[in-house]
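Sharing a structure here in structure tokens format.
When the chains are written out, they are named A, B, C and D in that same order, and each has its own residue count from 1.
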Amino acid sequence: MVGGGPGAFIGAVHRKAAALDGEMDIVAGAFSSNADKSRQQGAELMLDPGRVYSSYQEMAEREAALPDGDRIDFVSIVTPNHVHFPVAKAFIEAGFHVVCDKPMTTTLEDAEALCRLVSAHDVVFALTHNYTGYPMVKQARAMVNSGKIGTVRKVIVEYPQGWLATPIEREGHKQADWRTDPKRAGAGALGDIGSHAENLARYITGLELEALCADVTTFVEGRSIDDDVNMLVHYEGGARGVLHASQISIGEENNINIRVHGTEGSLQWFQEHPNWLHFRTLDGPEHVYKRGNDYLTEVAKHNSRLPFGHPEAFLEAFANIYVNAGRTIAAKLAGEEPGAFDTDFPTVQDGAYGVHFIFTALESGRQRGWVDARYSAPV
Amino acid sequence: MVGGGPGAFIGAVHRKAAALDGEMDIVAGAFSSNADKSRQQGAELMLDPGRVYSSYQEMAEREAALPDGDRIDFVSIVTPNHVHFPVAKAFIEAGFHVVCDKPMTTTLEDAEALCRLVSAHDVVFALTHNYTGYPMVKQARAMVNSGKIGTVRKVIVEYPQGWLATPIEREGHKQADWRTDPKRAGAGALGDIGSHAENLARYITGLELEALCADVTTFVEGRSIDDDVNMLVHYEGGARGVLHASQISIGEENNINIRVHGTEGSLQWFQEHPNWLHFRTLDGPEHVYKRGNDYLTEVAKHNSRLPFGHPEAFLEAFANIYVNAGRTIAAKLAGEEPGAFDTDFPTVQDGAYGVHFIFTALESGRQRGWVDARYSAPV
Amino acid sequence: MVGGGPGAFIGAVHRKAAALDGEMDIVAGAFSSNADKSRQQGAELMLDPGRVYSSYQEMAEREAALPDGDRIDFVSIVTPNHVHFPVAKAFIEAGFHVVCDKPMTTTLEDAEALCRLVSAHDVVFALTHNYTGYPMVKQARAMVNSGKIGTVRKVIVEYPQGWLATPIEREGHKQADWRTDPKRAGAGALGDIGSHAENLARYITGLELEALCADVTTFVEGRSIDDDVNMLVHYEGGARGVLHASQISIGEENNINIRVHGTEGSLQWFQEHPNWLHFRTLDGPEHVYKRGNDYLTEVAKHNSRLPFGHPEAFLEAFANIYVNAGRTIAAKLAGEEPGAFDTDFPTVQDGAYGVHFIFTALESGRQRGWVDARYSAPV
Amino acid sequence: MVGGGPGAFIGAVHRKAAALDGEMDIVAGAFSSNADKSRQQGAELMLDPGRVYSSYQEMAEREAALPDGDRIDFVSIVTPNHVHFPVAKAFIEAGFHVVCDKPMTTTLEDAEALCRLVSAHDVVFALTHNYTGYPMVKQARAMVNSGKIGTVRKVIVEYPQGWLATPIEREGHKQADWRTDPKRAGAGALGDIGSHAENLARYITGLELEALCADVTTFVEGRSIDDDVNMLVHYEGGARGVLHASQISIGEENNINIRVHGTEGSLQWFQEHPNWLHFRTLDGPEHVYKRGNDYLTEVAKHNSRLPFGHPEAFLEAFANIYVNAGRTIAAKLAGEEPGAFDTDFPTVQDGAYGVHFIFTALESGRQRGWVDARYSAPV
């Protein structure tokens, strides 16, 4: 692991998610650019001190030098956004597979460079757009794919939060600090959560952006990054969309949710009640699909651990990204084909798509108008 | 009543709403432009056949000729949209007060003419934007007014329906028929329900539109009017908004709802569960305010009929428009001042504002961009 | 109307419910045993003062003496419970049809006498167990009847309220005053709301009580009537039940709700969100049936006024009792057969059944054990 | 670990829960009474084959013989119920601490023997009544303790499931097989889930049972164990209760939930939406407390891992039992005092209480009446 030192939120989440199924262990890390903090974190995790490094460069180099079977199988990158790229680059060039937090990079140039690096070095790269790890999100995707709701006409995807409604970045809040710093975060609400919303919509519907018109706002005085964004979307093929994300919507916690309306039915899913998926048609009662049941599609069952009524939540969804990526990496290491469901995780191309989306939306906001949003990442 | 003949949905709603509190009776009507149908409806309502008319012109003229105390006190207009104006004009010029369905007119010119007529003849004019009649909507407005959520930053107002997802207007569906006819309806989803959404947001927040950017779509092939609209909104003073309305969102029934986020708190209300209002702050648990309780504001209690837990719904909200307008009319007829809560109903200026909003949004859709949305109706 | 004077809650509800559909008018009343109050109420309702009476005896006598076509068609009894019987008796003996509030009487003797009077005088008698008037309750009943959930195994019916959690009857609360007075109310929570719960369960399932074991409690010090009751139930045929009702359950408003589990499915309905009915089976997603849709059974559609998504609530359900009873009375007056759905209202036998249930439960509580609960009312 | 071989549901849950925080590792096991299956499971878990045993006796003996620091710190018992006792006895006598699934034993005699063994050998014993591990359950307990709802009057605790509505035990369903076998399970719904309900109510309220009256039913033909139970409860001090549990309630998944009504407020919690706790008072709006917020009590925050809006669920609650017990064991092994929150897990006395409850309820069912339910487990 690179990043995830003392007090970091997302590093601990990655570790718990990775540990959940007992299929992978953390054995080495450069947890902080501060060597003491890195050592402290390594000690807390009971790691071999010899494999706790003071920098990612040192880690990439020394792990690569270890004999086969001893070195790490992949690196997990959980630093602030602007460090994703150099770390990923270093490890990919050293031959390692990568699991990386999102948004992938803070420039499109870096994102595309990463796409090319992944191809060139033939490594597995997984981006933790964790919300697509939820079984009922996979159920939704499968239902759209199989035509259950007909042709998609309208997508409403929201990601409201309220935790940045006041300038807590000026009160020593570590999370708020880097996430509102344009240098380290790249973009604000758009990058941190808007990109999740876009990814969720695309994952479920398969729709590609054609054009968008964004209204990007900074509400909190003195903040130099967006904290609220509302967007109209045209998808290729004629579907319409509304996407809004906010970090100043007091009372909202982490309410990412989506509604997809097709010509024959609709789907609705709320992350804060993630075990249920609502399916509605023109002429029948609403159906509430519940995780863990036999009537679900195979992919939803495959990505589920507990029986119905024993709720799963955020960590299990996050763990699904890790488990699927991990199995794909293991298959690669073993020279085998991964299982049918194992490659179901966001890729480096998804990451580039997301970065392009972020900059397109920022540009639309600056221009106050519709902009072309079509994009195809280098493979 | 003018309009509301056999099979009309909204006419029957108006009659039930008006009857609910026993404060007004229907005594005369021109229920259809077809004299037989008008007579049939009059007979069903057990009206004096002498006061069932074959046309609104005849009704306005003959009722005006009745002696004081015998003639109607006001007219209720429940025709298709394009007939609102001539009917209202005829009755206002004959000296009658008016309750009129929305959207008020199909042109802005008519809407403004109506504003001037109302002033010139000094009559009471109430527009049935019925969703503002809900007690918990009034509670929300009172809470915004009293500063409970601080300064409003963001408004999300939605009005999704699904009933026009297929071309039922071509299958003999009477409601769908006129509502999808540009001549009779003026606009589609925008006029029929988008105008309710705009009105609800303005009623609760008091915010005036500054600019908007709309994406107006017709999804159903062969339909010549919009059936879906998504919109970004700038309010005067800096608040941002998202407004979307749809009649092709399968699975949605009549789900008008609103979220208002301020600098200190937020409010959320859903019409389909209208007895509850959600209030949230930065640092405390969510509060669920429930209709009928002592802890509510006076205006919410005043507009409520039943104890807590005995749910009220659509008809009571609609009735509140009638009762308040009716008491204001009664006060006017008696030469008295109406009560403090009696004038709480949408006015002819609100109607003009709504018509302006509809045409501004259509224009924005045509231009594919932001347009100025500021408007002040003639008083 | 007898009862329903100034400040009475349920009288006003009855009047609004009766008025809703414009099929009946209130034309006479003895609204209070205090002649002044009766006159005051009559004036407020704009009744002919000659038909506002100082006592129910006077009203029964003088209305009966009016010529055909002039006299009332039926009487609505909304007095405290202990007065139901003498009023009903007087009007039945005078040949009038009756709509009566529940619980029907305060003794089983009176209840059975009323059954015999109704038969002897061949009048229509409707008891306002209003919760069975909800369309989705009727939908539930129809689904049980048609075998959708197989054979019923378990019924859980609850009626929690919290408004009597403190001794407000000693603080001048008129409703609380008579409802906690054993002389006027007969029983407390059991009579006031427990009887609704029993009736709702029997209406939906058709199951008859075989035995019950009740725990009857008075929590508020100084109160001389039960304010909480919990009950185990055996139904004839082997189904089991749990019924609990409470007036001291702080936070609960009027949360009557029911779950019915059969061998093949289950149903769930909550009065506070009355437009939805939940249907679940062994091996499929939950189905949420929503009022106003074409896919519902005929009886649910017949008892519904508004389109889907335009919520109906308490008053409409109450009105359904009135409308159905009213149409049955009208048919009787006209010497015709009532329509297929018109006789769907609670009868005098249902009333006697409820009174027997109340006394059986009280007896079980006193004995601290199971008691026989089988009962068949005289026809 | 003892038990938890291939295909066992609860064994896998215990392992994931134990792994979640990286504070404990599984290093040895006797996973099945079938040596092959035990080996197979050990291999799957990548354990040292030398520490995968063919019987619990062998495991207890050989682990005890390992040098200090090498042997296991505690054993986790996840066998069918009737094996809990002999396994626990063997390990306690060998000096090991124990985490044991519930219900603790299949006889009260065994339960009390276990209490005495735990005392005699001075070991830590934790019972996995996992539902008390939820942060919002701990919040509820803290609020009751601090007087937020006054004196408790009424408790309604439910645990409905539907998965045994048909005789799946006769169709090769492994879970259903042993859980419906009186020899291996001891009791049916009562033991499996009724005991959770009792424990949850006692954990939150601190109330002790005084008497109960149970209706115990077997609905599915051919089943020789209860699959449904409804119960009236008297608590010491005057509170009343309703407890019902069922495995034949089709449509219910794992819906354990509780409502506690006091003299000043009430609390409500649903396991299927576990991040929210509802608090209501006599005269204010409902409060919805949400996991992860600063306004919660210390114990709720201490037992929480993720920020608000990032839902936690079943596994985290289960993990809390493990973490707290684990830290208490670690402190004991280190000769230190455990932390203030570490001893917050169900004990062997709670287990005996639960077993006594089960047999008391069965006895009440047989007698068809109220029975004394007071009990104090040997310390």
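Here, contacts are C-beta pairs under 8 Å (C-beta built on N, C-alpha and C of every residue); 3 or more make two chains touch, one makes a residue touch a chain.
This structure is a prediction, so every number in the text was calculated from the model and none was measured.
**Student:** Just grab the chain with the largest centre-to-centre distance to subunit A, centres being mean Cα coordinates.
**Tutor:** C
**Student:** Between copies subunit C and subunit D, are the contact residues mostly the same numbers or mostly different, with half as the line?
**Tutor:** same
**Student:** So which one's got more C-beta contacts, A-B or A-D?
**Tutor:** Here the pair linked by more C-beta pairs in contact is A-B.
**Student:** On a C-alpha centroid basis, what's the spacing between subunit B and subunit D, in Å?
**Tutor:** 55
**Student:** Express in whole angstrom the distance between the two chain centres, defined as the mean CA positions of subunit A and subunit B.
**Tutor:** Those two chain centres are 43 Å apart.
**Student:** Hey, how far is the Cα centre of subunit A from the one of subunit D, in Å?
**Tutor:** 35
**Student:** Could you say which residues in subunit D touch two or more other chains, in rising order?
**Tutor:** Each of 252, 279, 286, 290 in subunit D touches at least two other chains.
**Student:** What does subunit B use to touch subunit C in their complex?
**Tutor:** 9, 12-13, 15-16, 19-22, 45-46, 161, 163, 252-255, 271-275, 290, 292, 305-316
**Student:** Could you list, by residue number, the parts of subunit A that touch subunit B in their complex?
**Tutor:** Result: residues 149, 153-154, 156, 162, 165-166, 213, 215, 217, 219, 228, 230-232, 234, 240-242, 244, 246, 248-252, 259, 261-266, 268, 278, 280-282, 286, 368-370 of subunit A touch subunit B.
**Student:** Under the stated contact criterion, what part of subunit C meets subunit A in this complex?
**Tutor:** Counting only subunit C, the residues touching subunit A are 279, 283-290, 293-295.
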